[in-house]
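Two complexes come next, and they have one chain in common, chain A, joined by chain B in the first and chain C in the second.
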Partner chain A sequence: MNNAIEIINLSKQYEGFTLSNISLDLPKGCVMGLIGENGAGKSTIIKLIFNSIKRSGGSIEVLGCDNMDKDFEKIKEDIGVVLDEPCFPECVKLKDINAMMKNIYKNWSSEQFWSYCDRFALPGNKRFKSFSKGMKMKASIAVAMSHGARLLVLDEATSGLDPIIRDEILDIFNEFTRDEEHSILVSSHIISDLEKICDYIAFIHKGRLKFCEEKDVLLEKYLLIHCSEEDFKKFTRSRIIGYKRGKYEIEALVTNGTVPAGVVSERPGIEEIMLFMTKESV
Partner chain B sequence: MNIFIRNTSGEPIYEQIYNQIKAAIVSGELKTDEAIPSIRSLAKDLRISVITTKRAYEELERDGFIYTVPGRGCFVAKQNIAMRREESLQKIEEHLKIAYELAKGCNVSKGELVKMFELMGEEWC
Partner chain C sequence: MKGIFLKNWVVLLSGLRFNLVVFTAGGLLIAVAGQADLYGVLICPVFLCSMVIGMLEYNERSKWELYSDTLPVGRKGTVQGLYLFSLSYFAAFCVLAVLLCAPLRIFMPELVNTARFVFLLIITLSAPMLIFSLTLPVFFKFGYKVFRVVQIVIIFVLAGVGGGFIGVFMSEQDEYTVATDVLSRLINIDFYADLPWLIAVVVGVIAVYFVSMLLSSKLYKTVEL
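Up next, the complex of A and B:
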């Protein structure tokens, strides 16, 4: 088993939304970022991975086990999950979460849990309902990191957190993947975070997989150019991924290569690549 | 050994790693058979992609700068001095050719060029 997650031809039909033929591999020891607009299908994929909604077709293997298999329940021990809406009962305090999780996960480590709570400066005396959004998120990350998981699945786990704590959490994820048996699947709208930690980026657009690519390869693949209408005509259509016509310039994403003299070019970030790809091009 | 990764330079990240480790080996900062960091730990310490680091190591290995012992890690390979010399000679020739073309293009005489060169390296013969 070389892949932590293996998705083949996954599809799911809802009324008015179709997730079609998604195939993705997350190699063991790697971090994959899922990007895409709201409603593109990222959370649907994550739910399908846990089989918490029924798929219409395709197959999913997680840590070498088909997620329809009855053994998948055992595999769940090895997966740490953080969803965008942390859901603990409102009245619980941290010590209650600890007590609950001790009974849920075989490999639960109270010591680890408390050390994360400390690190995140979570208040022990408050009830979950009076936690701020950031604290709730941190509490669920602490839980996900404290039962010896080999795979972390995070849905918008860093949204709503300030840049400093986000950076600290990225450090924790970075440390986590120091072990080559550890992998992470993370969806986020904060693309700068993904750029910092991911090995692979998968872009979901309107229920389809636009690309799944090594991050650094992706970053070398395109150029962001600024040019005049005339110069823009010098580019062959096949090189143009997308463009934006402004009052004083045309801004376009093109495949990497030589550009005519006088055309200003720069390296696009993943955010720009995503934006230009979603613009209906030429 | 220091490694600096610059995200804004046009140079791909794997090339930056390749060049800096290569420089450390050629300069003798890293000795033959000395262990170099594992792919994973280097990637995590530099906060860069594991795949990119792997690519740099593969090219270093292909070009004979390092070797891998399965299960133990990566080490500095014995450098073939004759080969490195040959490589350098080739580069010197290329640069000299550029100097020659430049000199020819603006009427700098051979004598002047030689003199310039002699002044540059008076300490070695």
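Up next, the complex of A and C:
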């Protein structure tokens, strides 16, 4: 088993939305970022991984176990999850969360949990309802990291956090994947965060997988160009991924290769690649 | 299952301090209840039900059910955890009532009628168990919102019908003497003579509760969250 997650031809049909034939592999020891616009299907994939919804087709293997298998419940011991909304009842305090989780996870470490709570400066004597969104997220992350998980599944886990804390949490995730047995699947709208930590990027658009590639390969693959209408015509259609026509120039994403003289080119970020692939496709 | 069971208790105790007051007041009421207080005692099951609904409301607001799917407990464990929790909650109430009754029985024996106390206890335990047996499958199939509506309708129908009957008899009779009527049989229960009947009720209610749990497990298995 070399992959932490293997998804093959995964499909799900809702009224008005279809997730079609998603195939992706998250190798062990790696971080994969799921990107895509709202409603693209990122959370649907995460729900399908945990069987919270029924799939229409395909298969999912997590840590070497088919997620339809009875043993998958045991495998969940090794998965830490942070969903887009903090899921603890508002009335509980951190000590209550510790008491709850101690009885849910066999490998729960109270010591580790309190150490994360201290690190995140979470108030132990306050109820969850008085926490800010960022604090709630931090508490959820502390829970996900405190039971010896081998795989973290994070759905918008850094949303609502200030840049300083986000940076600190990204460091924690980096530390986590230093052990090659540990992997992370993370969906986020904050693409700068994903650029910092991800080894792989999977881009979902309208229920379809546009690409799933190694981040470094992906960033090498494209160029962002700024040029006049005339220069733009020099590019073959097959090289152009997408473009935006401005008042004075055209901005376009093209596949890497030679660029005509006079055309300004630069390395695009993941956000630009995503935007050009969705906005104005040729 | 154990984890979910304990989690429900943690939420109930940390979120609903009012529970302790209701627990104590209700337990005391049952402990000292004479015949005239039967009507009041019937409110206890309603209170007990509403406390569990309050706990489920917290779950609903925090989308706990979705998160629970990611935990190593399984859907069957989630269902069993809730049923066992509800049962233990009702039982805890009865234990408290017994604990409150014991010293009263010693120091003020004229105040406590043991047979009546046990009878009231059985009603207090059976009524919410029956209500939950009917409504928890709805919760697991259709979610909290539908469950709450059905629960409230059932509680009010039962309370209204039961209360109405008692009210009618209380106004028409100076004492509870309608020996042939079912309600009067309940009120004028001869504990020792009716013991087999009471045991049958308890066993029946437990059986219905168990069947309801199996049904909920089956329904929840296929629900999309």
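The definition used in the following text is that the second predicted complex is superposed on the first by the 281 of 282 C-alpha atoms of A that agree within 3 Å, B and C clash if a C-alpha of one lies under 4 Å from a C-alpha of the other, contacts with A are read in each partner's own complex, and residues count from 1 in each chain.
Convention: contacts are C-beta pairs under 8 Å (C-beta built on N, C-alpha and C of every residue); 3 or more make two chains touch, one makes a residue touch a chain.
Because the structure is a prediction, the values reported are computed rather than measured.
When both complexes are superposed on chain A, chain B and chain C fit side by side without a clash. With both structures placed on the common chain, the touch criterion links A:Ile5 to neither chain B nor chain C.
Contacts of A:Lys54 after superposition: chain C is touched, whereas chain B is not reached. Which of chain B and chain C touches more residues of chain A: that partner is C. In the superposition on chain A, contact is made by A:Gly29 with chain B only, not with chain C. Once the two complexes are overlaid on the shared chain, A:Asn174 sits against chain B while remaining clear of chain C.
When both complexes are overlaid on chain A, the residue A:Asp199 reaches chain B alone and has no touch with chain C.
Taking Cα centres throughout, chain A sits at the apex of an angle toward chain B and chain C that amounts to 150 degrees, reported as a multiple of 10. Contacts of A:Lys215 after superposition: chain B is touched, whereas chain C is not reached.
After overlaying the two complexes on the shared chain, residue contacts for A:Arg267 are found with chain B alone; chain C is out of touch.
Fitting both structures onto chain A leaves chain B and chain C with a minimum C-alpha separation of 28 Å. Touching chain B in their complex are the following residues of chain A: 29-30, 174-175, 177-178, 180, 196-200, 214-216, 220, 267.
Chain contact summary for the complex, chain B toward chain A: residues 8, 10, 12-14, 40-41, 44, 47-52. Contacts from chain C toward chain A in the complex involve residues 2-4, 6-7, 10-11, 14-16, 58-59, 61-64, 66-67, 69-74, 222, 224-225. Against chain C, the residues of chain A that register as touching in their complex are 47, 50-54, 73-77, 79, 81, 83, 85-93, 96, 99-101, 103-106, 127-128, 153.
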